[in-house]
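What follows is chain A paired twice: with chain B in the first complex and chain C in the second.
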Partner chain A sequence: MLVFATSDKGGTGRSVTSANIAYRRALLGDDVCYLDFDFGSPTSAAVFDVPSALRGVDQAGLHSYLRGNVAEPKRVNVWSESDSASLRNRPSGSGQLVLVPGDRGGGEFVTGGDAVRRCTELFLRLEEEFDIILVDLSAGRSYAAEMVLEATSRPELAEVVTRWLVFHRWTRQHIIAASGLVYGDRGIMAAGAARGHDEDTLRDSVRFVRAAVPDPSSPMFTQLRPAQAAWLRACHEDLTRLASQHRLGQTLVLGTVPLDPVLQWQEQLITDDDVLASRVANTETAEAFAALAVALTHDRAWESPL
Partner chain B sequence: MRPDKPGEGPAVLLGEVRTGLLQHSVELPLSATDRLLGLRHGERVRSSQRPNVQAHSPDLLTGVDCALATGSHRSVRGVGTVTARAVLTEGRVLQASVRARLAAAEGAQRLPWSHYLARPGTVEVIGRAEAPALADGHLTAGPGATLDLGAIAERMLTGIQGGGGLDRRAPFRSRRIRLRWTAVRADLAGEAPGGRLTVEDDTLRTLRLTLDRIDPAEVTAFCEDLALHDWLLSTLGRLIERSGLGSDPGPGPVLKLRPAVNHLMHLWMPGARVARPLAPLWDGLETRPGFSRQWAAAVQRVRDHLALQAVGLHAQPVRKD
Partner chain C sequence: MRIQPRQQLLEIWQAIGRQSFSDKAWEFGAGGDASSVSDAEQLLCVLYPATELPSLRLDVPDETAEDVLAALRGLGDSVQIPRKMVEAIAEFMGRHTEDGAPSFAAGHYIEALDTAERPTPEQYRLGVVDSYSLSITLALATLGFLKVFRRTLRRADLREMADKLEEATSLRLSAAMAALLRSFTVSVFEPDSERGRTLCSMVNQTGAPNRTVVQQLQRRLQPLRATVRDYFTLGLTTTGDLDNENLLFECGWSWGIVKGNPPVDTSEDVGFQPEGVAEAAPYLYFTVVALDGIADLFSDRTLTLGLLNEGQQRMAQALQLRWELTQQYWSALARFDDEAWPLEDIPWRTTDQRESAYFSLLVASILVQDLVRRRATDDDLTRTVAIMEELAVRSRTTRRMGRDDGALRLHDPGVVLTLYGSEELGPLLRWAVSDFSAQLLKRSLQLGGLSRNIGAHDRLIRLAERVMDHLWQRRIGDGPGTLLWDDLSAAYPETVPRPPRLAWNMTERVTECLVVAAGVIGQTPIRSPRLIEVATDLLSEADHLLDKEMMQLSAGGFRSVQDTLHEAEVQLQRARRIVRDRPGTACALALDVLAKLDGLAAARRAAGGRG
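For the complex of A and B:
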């Protein structure tokens, strides 16, 4: 299964959330591969805490592969190469967790038929081996997004299940922007249809993930004055209404990630150690990631709402 | 290197075999392999049905002009063509096999392509390098600027797996495994004839062969056979590991092992297509590391587990008191 993670704006926690989804799926026993297609700023090595990999991808990262400089992109086995002690002990029953990083300082590049072909071949190649291929696209409309839309429209990938996760923060601006990214004039739907995707199928393969959503009942907000709490609730209702007007309603939401200070300050994988032993991360955050990981392949979550 | 003498065969043969599962839900019938492996117009796919079903694509030539690794920092130039073919065993396991024989060039200049096309599968070495050094270079070279037979094999596999005719619903996930191999003539290597197989990492094996006489077709067939069985062993091992056999007492492992029983366990037939002069090499590998021994143990383990599940022993563990 191919999963594309995208967002209209930065700061939605797209990379960190999708990396955590990858980690949770691997814990569940799937073989998972995470591709860093955020060509402007490849950061995945930091999230997975594999600094040694950063040095190694000056030449053989995804950009070099897509440009045709190397036959295969470098792979990093997160379980064995991560600096994080809690990741290094691969839990029994877990599947592979492999990171395919971008080149350091890769930058955006012009796509062409060759890059699309190589991208298609890479997806096919990884699909033989991995249950889930999570592709982290950059924020906004990018060459990477156009390239994968082109690649997935090819007949070779017709049999591969493809899903899109669109991340947005829980604010007016972000809701409107995320709606534009999917349904707008130059959005995913329009760009996909122009490349021959079936519109209904493509629309049914898109789900939204609400990030950094404040939960008024969480301990972080116990100090609120009654007026503030009421205001927060009113805002939440307004946003809920706005979201459904912009076709981001509850039926299309795959999950919600609560506001968590750990994620605001350091983008990292939230392991059970972080929740239970050192207790720096909130249980709700870990649970949200686990729920997203399960929902990713849960048929009910992907039924057509129509 | 010095030029080959007539009758004694090439001095060095380099190759790489990549093995993977055909991305199709069922075994591909022999009648459909013509379309799949018909990589060259007008040339037939060759197949045989005994002792197992195997089909070979026609040989494809790829022109190369690049550096050859020598195991040290110095590299020499190689110009010529390499031979690639695809092999499908029992409609299930697909291999891409690439080989190149090295020969000394007569001059220091590249010649017109007609010269190289008249010597298919031969790469001429321009510059001074000894046969064992070139073999070492092939086994130890990282990805990059030197002759990369694996990249040619990879492209071939991807082309076939992504081409028409396959439904891409393979019964289980598996890795492609690489066998990078060299064969050096014993008189040049200064060693007794034999073979040494090394498991470098999860997906890479290297094989060094030292032979009295090198017949490219026979050596390639041997390496393909070895790569096939190494892949079977590795893949069955992974399926067993991932099934939870030994940790999960419930029926879970049985379901997860089903593809192994349905698709892998009948494919074991080591040495079936190996030429007689190379048969002792298989015998050596059967003694150490003991391919068939390990395979038999794994298969027995799966069957025992299935039998135990069938009689329901797992449901009522024996109480010790």
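For the complex of A and C:
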């Protein structure tokens, strides 16, 4: 299965959330491959705490591969190369967790027909090897997004299940921006349709992930003054209506990630150690990631609900 | 008990979720003879609040409130809930369709007057005004629900289901309207007949000579008589006798389609129009039921959502005429003599010589609707409050029920109505109505919503709260229908009434009451001219003192003083903005500012400066 993670704006927790989803899926026993298609700033290695690939690899990264400089992009086995103690010991029963980073300083580039062909081939090869291929696209309308829309419209990938996760924060601007990214003039739907995607199928393969959503029942908010709480509630209701009007209401939401102090300061995988042993992270956050990981392949969550 | 519509409705929904859903599908009341009345009531318990109160809406899955989802989680998530409701309504439509035409069978709500006999199958299928009226409410709720819900539908199978349901609902609506038109009757009688004499003695509260009363009655009813003669054509037999102005008349709804009333002539598909059997005489109970249903036809919601088609609009206009006429008629009788209203002479006596506090309540109900329609003056309204209070006492709703108290019969078995005309198809039938307390609550709340007089409003709300206490006690403790209605023995432990039994009619009436209560709460508080005056004066003093304080503020003043003055300024601005709608709040703000300013002044005085 191909999963594309995208967002219109930065700071949506796209990378950190999708990395956590990959991690949770691997824990469930799936072989998972994480592709860093955020060509402008390939930083996902930081989330996995892999020092050898911080800010991308020196050579043979995804940039080099797509430009045709190497036959295969370099792969990093997270279980063995991560610096994080709780990641280095591959939990029993877990599947592979492989990171495919970009090149250091590779930058955004204009894609051509060759890059699309190579991208398609890469997806096909990985699809045979892995259960889930999570592709982290950069924020906004990028060449990477256009390339994967082009690649997935090709007959070779017609049989591969493709899903899109659109990340946005729970604010007015983010909601409007995320809606534009999917349904706007140059959005995913329009760009996909222009490349021959079936509109209904494409629409049904898009789900939204709300990030950094304040949960009024969480311990973080017990100290709110009544006026603040009233304000928060009114805002929340406004946003719910706004999201519904912009076609990213609850029915199209795959999951919601609560606001977590750990993620505010450091983008990292939330392991069971963080929740249970050191207790720096909130259980709710870990649960949200786990729920998202399960929902990713839960067919009912991807059926058109109505 | 404080009436909290949202919390209480959700509590009821939760109980319904437990009761009506097994395997996540709606289950209609079991029992031999399906009653379209009971089934409609069961659906309306959820659908009516969900379509009347925006905060409880279920038709936009993305906007369903979290506490609503929690209460209905037995049905599923925000997407499944509206789907289950659509499926349940579709099942209702299928269940109550016979040979392709909507059926309005009363089912187990009717009994033989002679308890040794049983109604015939044909009688069980008889349509009744209760069912027509509820069908109008249910159909309008459904059509509005579908109108919004459809916008979110993309799947072909669901769209088709919605289309089919809409078609069936619209047909049922038309059929119910046609049947209601044919159940309306104007019955004419001699002033000298027994009915005539009873009517005259009921309205004659001052001992005037009978001849004078008859003349007054005829004068009062003259304009109404003219309306009937000139405008009533649809579904009513010729009312030739009305031309004879010496005769008296009564108008309203019989219990079903009136014998001899012709089919409604309309291009609209209204299904098969059966011959009527009901006696051509109005029943107060069915009149009130019909008036309630008809009112939904021209509610703001129906108009804004455009729920009626052209043919239906024509029938709705015809029904509206009858609605207005009936209200005017009974309201005129109830207030016949300004000095002493016949309505105040409890219990009301009907022209067929029956007396009951329930009839007084029913006439009061019509009067309340008439007051609402006319946006009546507070005088008439305040007078009605006392009647409501007395009815609450007489029915022992707000008083203890004695051991051998006759008032118990009002609740159990209730007021028994004989359905004359039904003997054509078997034994003579009866219909027992035992919703006194719920009816009382609804009318008190409606009046409360209408009243702009603080004293009367307050009395009504206190009364409603006490009636609610009583009703809330009557919820079933355990077994089938837990936390739904009706367990009379819980409210009257010293008597031995019937055992607890799930009654959808009571449950539906209570949800309806809560919807009315939500509407009352949604209004802006009653403006008190006295408070506005006080608030304005307080604001003026506070403004003045603040200006003075500002004059003393030197450039290098302390930050905390500046902040206090700034805050005071903002508070006063806000107070000025809300002084007309919420003078009490404006007073509180002004007082707070005054106290703050005095804190500064007192401190300066302590320092020996100018105070």
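In this text, the second predicted complex is superposed on the first by the 302 of 306 C-alpha atoms of A that agree within 3 Å, B and C clash if a C-alpha of one lies under 4 Å from a C-alpha of the other, contacts with A are read in each partner's own complex, and residues count from 1 in each chain.
Convention: a residue touches a chain if its C-beta (ideal position, glycine included) is under 8 Å from a C-beta of that chain, and two chains touch if they have at least 3 such contacts.
This one's a predicted model, so the numbers in the text were calculated from it and none came from an experiment.
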item: Side-by-side fit of chain B and chain C on chain A, or clash; value: fit
item: Per-residue touch tally on chain A - higher for chain B or for chain C; value: B
item: Which of chain B and chain C A:89 touches, first, second, both or neither; value: neither
item: Angular separation of chain B and chain C about chain A, which is computed from CA centres of the superposed model and rounded to the nearest 10 °; value: 140
item: Contacts of A:60 with chain B and chain C, given as first, second, both or neither; value: first
item: Which of chain B and chain C A:304 touches, first, second, both or neither; value: second
item: Touching partner for A:124 - first (chain B), second (chain C), both, neither; value: first
item: Touched partner set for A:250, first chain B, second chain C, both or neither; value: second
item: Which superposed partner A:31 touches (first chain B, second chain C, both, neither); value: first
item: Contacts of A:241 with chain B and chain C, given as first, second, both or neither; value: second
item: Superposed arrangement (fit on chain A Cα atoms) - minimum chain B/chain C Cα distance in Å; value: 28
item: On chain A, the residue positions that both chain B and chain C contact, one per complex; value: none
item: Chain A residues within the chain B interface of the complex; value: 29, 31, 59-60, 70-72, 92-93, 95, 120-121, 124-125, 127-131, 155-156, 159-160
item: Chain A-touching residues of chain C, taken from the complex the two chains share; value: 60-64, 78-79, 83, 152-155, 158
item: Touching residues (chain side chain B, partner chain A) in the complex; value: 20-21, 23, 143-144, 148, 150-151, 154-155, 158, 161-164, 167-170, 173-176, 242, 244, 247
item: Chain C-touching residues of chain A, taken from the complex the two chains share; value: 200, 240-241, 243-244, 249-251, 304-306
